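Presented below is the structure to which this report refers.
First chain written, first letter: the chains are A, B, C and D, and each begins at residue 1.
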Amino acid sequence: MNIAIVIILGVLMLAAAVTALYLKSLSAAVIAAGAVSLLASVIYLLLAAPDVAMTEAAIGSALTTVVFLYALSRMRGTKKEDPRD
Amino acid sequence: MEILGGIFAIAGSVFLFLAALGLIRMPDMYDRMQAGTKATTLGTMLFLIGLAMAEPQWVGKSALLILFVIFSNPLSSHALARAAYHAGISLGERAACDELAGACEDEEETA
Amino acid sequence: MIIQIIVSIGALLVLIGLWGLLTRRNLIKMIIGFSIMDTGTHLIIVGLGYRKGATAPILDSSITPGTHFVDPIPSALVLTAIVIGLAVTALMLAYAVRLHSSRGSALIEDFKENTL
Amino acid sequence: MADQLFNIAAVIMLISLVLAIVRLLIGPSVGDRAVALDAMTIISLSLIGWIALSTGRGIYMDVALVYGLISFVGIVAIARYLERGL
């Protein structure tokens, strides 16, 4: 049972990782990278490491997404304000 | 009691499955949001009630978790729907009327 | 068995991240590839500490004498590595934002030597 | 008996996780992907509850608590980004 769940979650992780690098839209790629972290956190819990799962859910999934989106919005903002580009 | 908890858990997981099926089958984004947030809230609540019935010493954590889900899930779905409307995602060709159209202009005038 | 599966999934994630880091042109995409590589290495390290039929090394009322524990050292190391990975990602994103605001582009081919 | 019922529930939740991630992979707009990520978070929260039950450790429920608290921060950040307010 455990092995089957780990295989399914791992295949989904690999699919999300490949999609995160294939997508044209940057914000969609950031969302797919967040999904990779989310599934990794469930796998950590199956590997009997709840502290790592907690940290990955808080930092890897939520905070990394927020940092990426903040950087994306800063890049979009400078492009809009500067008409010379 | 444990059997009843298991039945509650099956009901909750069926609601989660219907939510995911709605995510696949619905035609446009607002319908998908309807399926993907409301049904998952109910499904998670039912599953956690079943969990609390099967393990009675976890009832405090399950109640706290149900409270978090009730507070955070409608909030995030509301923020997403508002953001999708403001980002200009269309309502789909089958939508009868757009009641927010005037309200948004008023908001921008006053802002 | 489960350790081999976890290690192969982690190695594939590292390879996917490296591929993205080497072939994508946008800076943000390269940083996403780096972060996926990070996740893969963490998965490998945690997977190497797993033992079959063991539980988490946290003492509470459900622990009886004779219970097997997993190795706590890899999870402690990975705990630190996740936080440092966030700091490294944030630093790379700060450089990307600075490059974009000074050069007006986020594509890697605009930062060649002869265009400086 | 009750364990079998919970195992069936876990299998159904895994199937729905697969369906949600399919929408995340093929979704045409960014909003679709964000909705799919939200659904994935909630489904994996229930899956964590099942893992805690099947291993018999009450400490695993704390991970689900952190999920419930933290998960909506990411979704609200995505919403604010789409709204051009972040």
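Here is the rule we use: a contact is a pair of C-beta atoms (placed from the backbone, for glycine too) under 8 Å apart; a residue touches a chain by one contact, two chains touch by 3 or more.
None of these values were measured; they are calculated from a predicted model.
Where touching is counted per the definition, the chains common to subunit A and subunit B are D.
By number of C-beta pairs in contact, B-D leads when A-D and B-D are compared. Averaged C-alpha coordinates give centres for subunit A and subunit C that are 11 Å from one another. If you average the Cα atoms of subunit B and of subunit C, the two centres end up 31 Å apart.
Counting partner chains per residue, subunit C has residues 55-56, 58 touching two or more of them. Residue positions of subunit D touching 2 or more other chains, listed in rising order: 10, 17-18, 30, 34, 55, 57-60, 62, 71, 78, 80-82, 84. Contacts with at least two other chains are made by no residue of subunit B. Of all possible chain pairs, those that touch are A-C, A-D, B-D, C-D. Residues 55-60 of subunit D touch subunit C in their complex. Contact residues on subunit B toward subunit D in their complex (touch as defined above): 2-3, 5-7, 9-10, 12-14, 16-17, 19-21, 23-24, 29, 32-33, 36-37, 40-41, 43-44, 47-48, 50-51, 54-55, 57-58, 61-62, 64-65, 68-69, 72-73, 75-77, 79-80, 82-84, 86-87, 89. By the touch criterion given at the top, residues 1-2, 5-6, 9, 12-13, 16-17, 19-20, 24, 26, 28-29, 31-33, 35-36, 39, 42-43, 46-47, 49-50, 54-56, 58, 70, 75, 78-79, 82-83, 85-86, 89-90, 93-94, 96-97, 100-101, 104-106 of subunit C touch subunit A in their complex.
Put simply, subunit D touches subunit B in their complex at residues 1-6, 8-10, 12-13, 15-20, 22-23, 29-32, 34-36, 38-39, 42-43, 45-46, 49-50, 52-53, 58, 61-62, 64-65, 68-69, 71-72, 75-76, 78-84.
Those residues of subunit A that touch subunit C in the complex are listed here as 2-3, 6-7, 10, 13-14, 17-18, 20-21, 26, 29-30, 33, 36-37, 40, 43-44, 47-52, 55-56, 59-60, 63-64, 67-68, 71-72, 74-75, 78-79, 82, 84-85.
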